[in-house]
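Two complexes come next, and they have one chain in common, chain A, joined by chain B in the first and chain C in the second.
Let's turn to the complex of A and B:
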């Protein structure tokens, strides 16, 4: 099986230095009474140092489940059923709980979804920034009080907040300010990797832009990699270097962002992008018909085939993929689940139009 | 300093006390019984010869002011309240209500405070751990009898304890606050006396603690479920905080806030909650006094005790109001 594990190694011999995050065949399942829900099934990708990756998908496509599993923050009934996650060469799934605790924040930090409630209401901002630092620093190396205070101010300034915010309680802050505090906490130990799970979902567009610019600035300054989870394609276009598209627990496309927008390879990505409004064209929006499938009993073969415009010979899609759609054996669509293959350098797609595999 | 807040809370406190005292004054008078007649009837029942009862009642009425218009009695009573002079008991003549309270209330407060705080701390911790570490099997096993007990009234469980440990097995005394008939007792500087007091207090305390444990534990467990699902909990874990820190500073610290309200309200109910327990164990507290006073219409004593109960509740609420902003910054020291 050709997946992420072999491809980057061929490009770069010094695997450890180049790739910060390597996800291999990650499987995250929910054990429910109705059966096993394969929320994340066989997902592989790599993320280079300093690279910004976007991860999009419909609600329930497994993107947040996967993001949480990367930090081992998934909660029962979710279980990691297989695969591997390597952060800077360290296999996270092999760490014991204490080692994993140390890794969080220090090496991989989370900027939470909806920062509205992500701060503890009973403590001042200062204490919430400090406690993360404190629990990752050996006692004899811990900065003295004055130095810690300076560090807090430094962090607050780095996210565009005034030093006075340190002595405030979360309920005294606006949504944007809270998200900035969350950014300050996430970057307090200069992690190698920042995981941002819809960090701007509850904010208006102006604040959204400010937060994303701040995140970008911090990320560049620290040379950290970012995994931005969301469903806002516009936000992704502005922020990400590479984009992963998830559908029903699978990663169906993974490529540099310009390539995805200019020439999407997977029919789902194609539909996703054509559903975006165009400022120059007046007309009605087209969506993607149907709903994402249940993951308890996913559709046989390709999970997208019931909604796929190519498989269903959709009229509006007659002109798409004309040069290769003839080679598609539609029997495969209903029988074989396509693997993510590298069809061109750095272009990964899981679709039978680009060759058969088993 | 938030003076406005303190003044507004203090005035609320005073208004509460005023209303409570008024109710306390009128309530025993609704019964229409005359305490002096009751007293004299009791004397008569003992076989004493009473000549011209009516004249005696009239004489005492004059002395106590029962023959004056109600509003005058009310004014006199309220003036007394302000000076914390609760009048004289009729049945325990010539003791004042203040003296009677001074003899009994410390027994009740000590027993009540100790059992309340013990049950609060242990119950709250149990509830918190029960939710935090779902795999603690021994706690689950422990919870079922504790929950069953929480449906039983204090005094009933007290009776069971009394029957088992005092009557059948004679491990604990049958009644009282300390052994009677020892020369020089009560003597609070004597360790064997203090030991004796604790020995007497064990069963009453146990009946209260075991029964109230379940309530605290269930309340805390429910709050902990909610708190565990909060976003800041996930964030705390993502911040790589140790389990201990998350449990105490994120879990308990937030889940405890409603428990604190419960604690303050229970503080006010200490005395009334113990009345029947004290009766069952013949404990020398306020409860016994109250139970004696009610059937005899000993107005002054009933008024005094109920007034102290109201004072306790109001005081507890006042203290809670004043410290709540310190434990939860979202509640501000503002008018309201």
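Let's turn to the complex of A and C:
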């Protein structure tokens, strides 16, 4: 925090108060033999301090690619082709590699996908936690040995583990306990932002609930923001304050979680929600017809139009969006890629039904 | 063991008439050996019948390590039980003759979890469909074989123009999984054992695949054993459910009863923990029943170390499966005084499918 690199943050006093993360027109492309794959194409959103955001999408929608790019952990052939990412006012894309490395874990930490396999099998839990602290703390701020040991115990307790776990190896822990260790590592330097990529996908629902509640508790104590990447809308409903929905590389909707479930604006989000099975009413739960498009040659215009129930005048969808569907010029759907527009405060949607692009 | 099984078969040859597959006090124990240490009881004393008429869809639910996949493998005859007998059409599957074994292999079909791993990447999709046709001599000519394949693909909603002649990597995960359903269907089985068939596919495709599995049951009268960790899809497609915890069947019965009014503390915890897709109905903050990491009970109820209602007798002896309703049973002493008896075979509390 006191290092010269992070100084620009101090200038942006207003931003510090409100937005922790600002993503602007981010583009992440893969250069492949088949052509350029626009995995993340022109994505913008902001995340407030202490806010929990969910990011959902089908596999291949670009959600993980984007999350990794936010930390600049994207791997070749992925490249950041444009846009801006600001963490507390600091432009992460302008930092050099060493500055970025210092920012990771300290300001923005990752709970990786399958975190249970991210631990090193030959090191004790204690050493893995200390390793993270050491490598991401400037030398002059490093705690002494005794203080580090105390911190390890404190961290383990904060994630609901006994201090004795420090001396264990990963194979001695259950999947849920390993995931807790990953949480302890991610929160060890009290980051401003935690990025969790499907952190519970391999765990059963009981353990999943415990882990998510622990994450929530830690996040609230630290006033950190969380970006939870996943595909389980149920988990998002339980955890997130705001939700972003990705489809074929675009963010197609962004809104407070209650609003998304109560009144989804994008036909894809609508389909996604109506396709959710529940345990109250037994009946038909439907899928979304068709397949996600290839991102090498995405469909012209709106990328969702080949599957869109409104564009395709789906009978089951006759009654949906009744007020505004009449104003939709379907020629636009096949020719113009809709922009993400703010149609109400903090309600963003990319669909021609809501005008703006016409 | 074999001799003993053989003699039991003779006794039971009339018994299996109503059931295609019947499990009688089946247990599977892994590990052990000479010193009998570190044994894992993967399946503990399960009795279950799958009827010939109106078999319905039976979900087997539980977390990883609950024994649900072991139960599936026992039913498929991939592994033999350590104790108990499995009957196919009234005959012990351990002592079937060649033609009976062939019939068993045809009539009880698996659908595996990972639609990416079951294919040989060097063969076109046609191969995986044609092999069973050849092996079981289902067709007399090539064109007849092709017709059969096309028909079964169409039954699960796939167009043969979009699937045949392609390599596995050219198809989506959902298509690959539906081809596996079509392949199972090709053999006109009586029972399909589907082990987590949708855990590897996107939510938008889940409904389609489960829909095609449902169709096999409703239209063709094939019994489906749906193995899953997802109670929501279990609720949606199955008629009856078996909830397992560390090898024990802790609760079973009609799926609406078990999921909407669970009677075993473990099922209650499981249902409570489902991430409901409704932001105004969030999880309780009650963090009871943390996993302890400790070893589970060896004699009594497996869930006792995590159970909020644990009593002295729970750790002494395994409770019986109490009948707690017409179509529901729970393995828990909480129901000792109110139960209307004990359940011998799990399927005694199953609701008949319509």
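Quick notes on this structure:
Here is the rule we use: the second predicted complex is superposed on the first by the 335 of 358 C-alpha atoms of A that agree within 3 Å, B and C clash if a C-alpha of one lies under 4 Å from a C-alpha of the other, contacts with A are read in each partner's own complex, and residues count from 1 in each chain.
What we mean here is this: contacts are C-beta pairs under 8 Å (C-beta built on N, C-alpha and C of every residue); 3 or more make two chains touch, one makes a residue touch a chain.
Note that this is a predicted model, so its numbers are computed, not measured.
Steric overlap between chain B and chain C is absent once the structures are superposed on chain A; the two fit side by side. After superposition on chain A, the vertex angle at the CA centre of chain A, spanning the CA centres of chain B and chain C, is 70 degrees to the nearest 10. Counting the residues of chain A that each partner touches, chain B and chain C differ, and the larger count belongs to C. Within the superposed three-chain model, A:313 lies out of touch with both chain B and chain C [touch as defined at top].
Residue contacts after overlaying the shared chain place A:238 against chain C, while chain B stays out of touching range. In the superposition on chain A, A:105 makes contact with chain B only, not with chain C.
By the document's definition of touching, of the two partners only chain C reaches A:177; chain B does not. When the two structures are aligned on the shared chain, A:210 is found in touch with chain C, with no touch to chain B.
Residue contacts after overlaying the shared chain place A:277 against chain C, while chain B stays out of touching range. Applying the stated contact rule after C-alpha superposition, one finds that A:164 touches neither chain B nor chain C.
In the composite built from the two structures, the nearest CA pair linking chain B and chain C is 13 Å apart.
Per the touch definition, chain A reaches chain B in the complex via residues 71, 73, 101-106, 109-110, 112-114, 116-123, 131-132, 135-136, 169, 171, 182, 185.
In the complex of the two chains, the chain A residues touching chain C come out as 58-59, 160, 173-177, 204-210, 212-213, 231-235, 237-238, 240, 257-258, 261, 271-273, 275-280, 282-283, 285-288, 291. Across the complex, chain C meets chain A through its residues 63-64, 172-174, 202-208, 211, 229, 231-233, 235-236, 256, 259-260, 269-271, 273-280, 282-283, 285, 287, 289-291, 293. Residues of chain B that touch chain A in their complex: 230-232, 234-242, 245, 249-250, 253-254, 257, 327-330.
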